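Have a look at these structures, which come just after this line.
Shared chain: chain A. Partners: chain B in the first complex, chain C in the second.
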Partner chain A sequence: MRLLTHNMLTSHVKGAESGYPLILEAAEVILRNVDFNPEFIKRMLSKVNWDVLYQTAKAIGHLNDIPEQLQPNVENDEEFLRKAHHVLLEVEVKEGHLICPTSKKKFQISNGIPNMLLGEESSS
Partner chain B sequence: MKLKQLESHLQMVVDTFDKPKISLEQYATTPHIAAHMLYNIDTMYNDIQGKLVCDLGCGCGVLSVGTAMLDASLIVGIDIDDDALMIARRNIEEFELENVQLIKANISDTEFFGGKIFDTVIMNPPFGTKDKGIDMIFLHRALKLASTSVYSLHKSSTRQHIKKKAAEWGAEMTVLAELRFNLENTYKFHKHKSVS
Partner chain C sequence: MDYPTPSISHLSRKPYVNYVYDAAEDTFLFMDALQNDAILPLICIEVGSGSGAIISFISKILGPECYYMATDINPIAANCTIDTAKLNEMPQCEVIITDLVSGLKDRLTGNVDVILFNPPYVVTPSKEISGNGIEASWAGGENGREVMDRLFTIVPQLLSPSGLFYLVAIKENYPDEIIKTMKMVGLSGEIILSRKAGRENLFILRFDKENSLS
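Up next, the complex of A and B:
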């Protein structure tokens, strides 16, 4: 699971307060090689919750030197955009867990695929 | 990438459902339809390249793989079924695509994304022949997730109903193509800024 995806995911356990951000526990991380598109990253910077991105990247040990606070006027700072690109799209948690901060429910990540099912459904 | 090239890529490598589950309406979009649909979305509407795209009910990933080939920045494919997701993963690996994210989830569940995160949603949802109304649930979710457009395949017989619902949800619907192959139709939903 990419950190961009993590940044957007909420848990939806019925009866619990909104579960955001999900706590991310990584057992195995792999690094991808995704084409760098500065326009896309700039657009994402206005959508992502930077604080959550920073804390999560830090927690799994892949901060890649991104700053704790998003600085103004980073649009032309290619070095920064490349770092943000790496953290958002190239760091992938292959095995691990997501934990809902309110209900404490655990969602497994295996083969990079988070399982967001609540456990009531069976898929086969 | 050229249309022909996209179609032959999708034809050559994409594996589809081993044992389709009827209750989940598992049938794959043909490479021909997938390639034409995605190519047009990219070249005519500029809604794929460099975009954050979502594929609801991605199945074995025909649409996700094609979207990734057309250089979406990230394509997020969501399906409820493990077997389908495993085949999708295999397809993604076979093409060495690095810009795909799969998620296992039930589209009928309430929010697991906070708001209009995606630029575009592209999907071939269940038609609702087995689970009545599931097509409209997919569509409603899609409209909540996309900040610009939703592209979706539906049966012609549901067109009037969809048109009415889309208007209720504040979206504008355009029929983009009538496909005789599977008796499916492609629709484009354009978001009105006022909807939230």
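Up next, the complex of A and C:
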């Protein structure tokens, strides 16, 4: 699971007021080489919750010098786009857990795949 | 233009044989429909990716400009999707074990450009649809519609203004009635391809938001 995917995931435990962001515990992280595609990163940035990305990357020790706040006019800042590319796409959590921020329910990440099933599917 | 069919030879071996539905006529008809459409999406989700053949195939069409996510309720199928993606050198395929799009819909509301769904469409007794093994790949309950109907209510929220929703269905699911139902939630749809495969009359349906029709 890449940090971009973590950025999109919400816990859907019934009754939990807010399931976002999920707390990420990384037991095994692998770094992949993904071809740098600046157009993709630029388009994707508008969909990313930057604060969540920053805090999560920091928590698992893969901040890669990305800034705490997303600056305006980053479209032509290749150095920034490369860092964002690395944090979004090249850091992959292979084993670990996602934890619902409200209910504290743990979801396992195994072989890079998060299991968001609740057991009995009591989701909405 | 013809795109290569993804390699899925690992499906006939352990641990996938008997646990993951192999690519069959429904899968191949889905591929034919997808390669006829040219679009430039940013986020593509396949719901119930199973073997992973379809998500791997569409990545050849849409290329690395798109972020691919696949879901499956069957953990073995989820692992199979990853293996198919790797085998076919897919740039990035994220897989999540979940029920339909649970866990994704809050953040992705209005942001998904392509949703693909080859649902469990076989008409079965309702009680057969509760599992998360290989039966989840085909058991569709009454009219084969019980699982796909649950996704239909979510699709209009997930789709981006120019987003497209592709669905596999059979005659017994009443495709014309599906199109009418989706019309009521703001999606305009049509049958874009059909094929008779043995006893199955297969259809590919495509939907978009009515206000974006050209």
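One rule holds in what follows: the second predicted complex is superposed on the first by the 120 of 124 C-alpha atoms of A that agree within 3 Å, B and C clash if a C-alpha of one lies under 4 Å from a C-alpha of the other, contacts with A are read in each partner's own complex, and residues count from 1 in each chain.
Note that in this section contacts are C-beta pairs under 8 Å (C-beta built on N, C-alpha and C of every residue); 3 or more make two chains touch, one makes a residue touch a chain.
As the structure is a computational prediction, the values presented were derived from the model and not from experiment.
On the superposed chain A, the positions of chain B and chain C overlap enough to count as a clash.
Legend: residue contacts after superposition of the two complexes on their common chain; A:N33 is shown touching chain B, with no touch to chain C. In the superposition on chain A, A:N73 makes contact with neither chain B nor chain C. Residues common to the contacts of chain A with chain B and with chain C across the two structures: 1-2, 4-5, 8-12, 20, 34-35, 37, 39-40, 44, 47, 89, 111-117, 121, 123. Put simply, chain A touches chain B in their complex at residues 1-2, 4-5, 8-12, 14, 20, 32-35, 37, 39-40, 44, 47, 89, 111-118, 121, 123-124.
Residues 42-43, 64-67, 69, 73, 75, 78-79, 82, 91-92, 94-99, 102-108, 111, 132 of chain C are the ones touching chain A in the complex.
Those residues of chain A that touch chain C in the shared complex are 1-2, 4-5, 7-12, 19-20, 34-35, 37, 39-40, 43-44, 47, 49, 89, 111-117, 121, 123.
Those residues of chain B whose C-beta lies close enough to touch chain A in the complex are 21, 50-52, 71, 73-74, 76, 80-83, 85, 89, 98-99, 101-106, 109-114, 117.
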